[in-house]
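Take a look at the structures listed below.
Next come two complexes, and both contain chain A; in the first it sits with chain B, in the second with chain C.
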Partner chain A sequence: MSSVYQVLPGPEHFLPPAAASMGVRLPDSGQAHIHGKIVNEEEAMEVAARQFLAAKVPTIFPGPLVLWAWNEKAAKKATAIRHLYETLKECVAPSQEAMLIPMPDYRPKYPKINPEVEINPNHPNLTIWHNKIDTCMFVGVHCHQANLSLKIIRGGTYCYTIAMCAQAGHEDAMLSFRDATADKIMRLADWVKRLKGSVKPPQD
Partner chain B sequence: MATQSLVGTKNRAGQMVADPWELLHTAERTPSFFTGSEVIKEAVRRANCDVMIAYPITPQSEAAALIGELFAEGFIGDYFRGESEFAVMSQCAGAAFGGARVFTTTAGPGTMRAMENFPMWAGARLPIQMIVTCRGINSPLSIQPDTLEISYLLNTGMLVWHAETAQDFYDWILKGYIVSEEPDVHLPLALCCDGFFVTHTKDMVNLTPADQCLPPYDPYRSPVPCMDMECPPVRMMRDPFVMKSNYISYATHASWQQEVWAAIERSRKHAIRWLDGLIEVENPDADILIVSSGTAVSQGREAKCLLEDDGIDIGIVKIKTLRPWPAEEIREATRKAKHIIVPEFNVTGWLAKEIRATIPDAGRVLAGPHVCGGMTMPPEIIAADIKKRLGIQSESLAGRGS
Partner chain C sequence: MSKERIKIAPEMFDIMPPEYQDLVQRATYGNETRGWKDIGTSKELIEEHSLCAGCPESMAFRYILASLPAPEDTVMVGSTGCTSLVFPHVGVHNIHSLFGNQNAIASGLKRALTVRFPDRVKDVVVLAGDGATVDIGLDMTLQAWFRQEKFTTICFDNELYANTGGQESGLMQKGFVAKMAPVGKTFEKVRLPEIARESGCHYVVNCTVSKPNLVEKVIKNAIHVAREIGPTYLQLYTPCILEIGKNSMEGLQEMRDSEKPAERFSYKEYVSDQAKELLTELAAKEKERKAAAKKQLAGQA
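On to the complex of A and B.
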């Protein structure tokens, strides 16, 4: 099915559709997608970096697959994510606030989540609303839980979503990479550094 | 496909782990004359399965028993009989939650009895493979071929494929694991065939080498964490968050359901690659198309030969996958057809309803002929219905030749 549906920042709908059900297809290796359109990975790197630099609150949401050092790859990715976060902090203007908020697990949080310290896939909008996050990147979140979150975010917030997926990517993000490695995350940090100063910071 | 790095190593039975594409496309094949049940056994032998759980119900009992022999020979990690079909499917879930590649078989009332488990499997993203050897499900009891049970599976969130021949069955059991275990799919597969017609008849089937097998399942590529008692989907019974009465819970559950159906959509890309398309089309320019799935396709082919003898040009569309539903392919294949004939082995004509809902100008669809309860479908009745549609008189097949 060819798609005319575009995966764009919301708030989209009371219950937005899954992008896959609207005909959006995942990229193949070496590719990424932006708003549902397949592009080469390097183009997506530049767009993601610009999106981070143009945001008031660019935020990384690392999930359990990279928060725990359960294998060597996970530990390397965690180091790369920390580097990306530090790079973001260095490269944004004082009026911008880069954040790193973990999704440590998927347990529903009762009676109330503390949105300043964590995000949960079942109600990610609460963390995004509370911190006024306008661009975020998921990394190290299990694909099913990431897709749950990405649809809910698109439904009820204006946040621009990026997925740095270790598997096949996410149609429900506005921009998605696939086959994520520590090197790929470092490349994104390089793009942010390269574009520093060339992207106008957001106006209040 | 999981664990490519293990290609060339040996599994527990001493089989060499093969590259799946090479195994199924370039490895030497041995023609073998087998029943469908024996073919199931031979496919499972090469599937590197961890667990098979069995329960007797005709016409799948023979396959379930033959797989027990595979366990005795060391090709399957564990094998046991459940207390009922419901128990079997629940036990399959437990094994899959724990990270095992799971296989089971069922049929007819067994499928219906276990039904509650199938949306649970799909919602929990468990890539269990279940062979469904379709038979009658209603009272009075019939063990004979009837495909009504497939219609109940179509909205469970499982992948549903419908094999026509024993060769399809052999290849699709192996390909089924490859597609259903992709991390962007990761759903259970109901691989259906028409009971007895496929399971209990012998056919020549080309088998891949018995000393080669699929790579093992890699649970670390699962889109959900496996067996975490604190997190959904395993966290079902204790304080189930999606049962809370508030908007957030409803929205989460809704997003979850959407994700299951999104995963079915994602399987298209993989199924197209591995099955060489979701449909197969023969003579697409004909004014009259026979569109069907399972052994009704074989009967359609025979009817085509009969009608061609009478100078009537016929095309055939074989539907391989029912979920994902090949809507775009069917629209394209039927674009020029004036008459679309849908023969089925069930009383309700569920396939014709799906096709009518898919194509423009649905009045072109003739829902039938239908047989059910174990009746055979002679090609002559398909040919007769087509002639009737065209206004050509033909002899009645039900009388005694008066």
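On to the complex of A and C.
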């Protein structure tokens, strides 16, 4: 089934449809998707790296699956994510600000969350608005919560969303990898390093 | 069991919100001697809460969470009511059930945990209000006791439906006039502690939460008895200060007044013979542990 629906940066208004319901399908192993179109994983690596380098506030949102060292794989991914963040910081211009903001849990928090220190899946737009984040990557977030967040972000912000998914990928992200491993995250960091200086930083 | 299971990845530690850093560094998970006296000196397993200022339920929550013998191996089951506003802020696994079916959920959960973790003790603790326990969920409450399910049921008894504006509940006292029950209750407060005893609960206590050491004692007893023998039930008076026309600072006095001899929350306890035996055994072990610790301390001095 081919789809004419493209998963693009929003705001797509109050209730963006689930991309799956619009015919967007998930990539197979070795593939990724960009805006709903299936591409080779390497192509997606390059596009994701360019997105990060072209953003004013490129941000990584690690979730509970990588924040807690609950097994060896998770600990390795955490190391790789930190490496990607440090690489981003190194590779962006002084006018850009790379951020690493955790999604430590999924519980509704009252009276409010602190958008400077965390992102919450029930209102991810607050953190994105507050920090003026224009490109973000989800990693280590459970599928359902990631889908929910990605849809809310697409509905209410102009932020470009990337999913580094450990399972089959996310239709609701603008760009999604699948089968994420520590190596794959390191490869993305390599791409960022390789493209350093070749992407024009954003203008005010 | 210890904090080993809740280790933050070292590369992520500095970006975690401070309450999580505190939770892994200063909470009392894995501490066998944990109790209410840790409050104020360690990280509590409750973050901020969204209850009213001065609400006795918030005191009860703090004492209970400080008294769980093994919070890292405990799952709490909540139900609709004021308590469900607190559970999202609690550092213990918890499940929100449909209004009233908390004891049915806890039954399945306890059985599943026993199969899934045969070598580890897992405690299940139901914590619900009087509406969920005695009115809407009475069937599930009683059936769990009849079946001798091994978990603890705690009822926060505020004697009405508080967060919906003050409707009459089965545990409301006779004659009480509430905002949404203007005629006054026409029948007696349901005697659930006695029903619990007759339904097969091995440890039943009816009291207020005015004394933290007492709350700690009954919580620990109830959980230990539920682990080894069968169902236990605690009915704790946590008055809704708003619905009974009190001010924020008057909750404690209200509980003290209600626990006087002959009042409806004077301390009442029922312990089955089996439970008595177990608690005596546990008390002896505790005494031994304290003596050994004292001896060790003296040796160090």
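Going forward, the second predicted complex is superposed on the first by the 203 of 204 C-alpha atoms of A that agree within 3 Å, B and C clash if a C-alpha of one lies under 4 Å from a C-alpha of the other, contacts with A are read in each partner's own complex, and residues count from 1 in each chain.
The criterion applied here is as follows: a residue touches a chain if its C-beta (ideal position, glycine included) is under 8 Å from a C-beta of that chain, and two chains touch if they have at least 3 such contacts.
The structure displayed is predicted, hence computed values, not measured ones.
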Contacts of A:S21 with chain B and chain C, given as first, second, both or neither: first
Which of chain B and chain C A:I101 touches, first, second, both or neither: second
Which of chain B and chain C A:A75 touches, first, second, both or neither: second
First, second, both or neither for A:C91, with chain B first and chain C second: neither
First (chain B), second (chain C), both or neither touched by A:V66: second
Which superposed partner A:L188 touches (first chain B, second chain C, both, neither): neither
When both partners are placed on the shared chain, which of chain B and chain C touches more of chain A: B
Those residues of chain A which chain B touches in one complex and chain C touches in the other: 107-108
Of all residues in chain A, those that touch chain B in their complex: 1, 15, 17-21, 25-26, 64, 105-108, 122-123, 142-145, 147-148, 151-152, 155, 167-169, 171-172
Interfacial residue positions of chain B with respect to chain A in the complex: 125, 182-184, 186, 221-225, 228, 230-232, 235, 239, 241, 248-249, 251-252, 254-256, 258-259, 261-263, 265-266, 269, 327-328
Contact footprint of chain C on chain A as seen in their complex: 62, 66-70, 74-75, 78-79, 81-82, 100-102, 104, 107-111, 114, 117-118
Interfacial residue positions of chain C with respect to chain A in the complex: 5-12, 15-18, 20, 50, 85, 88-89
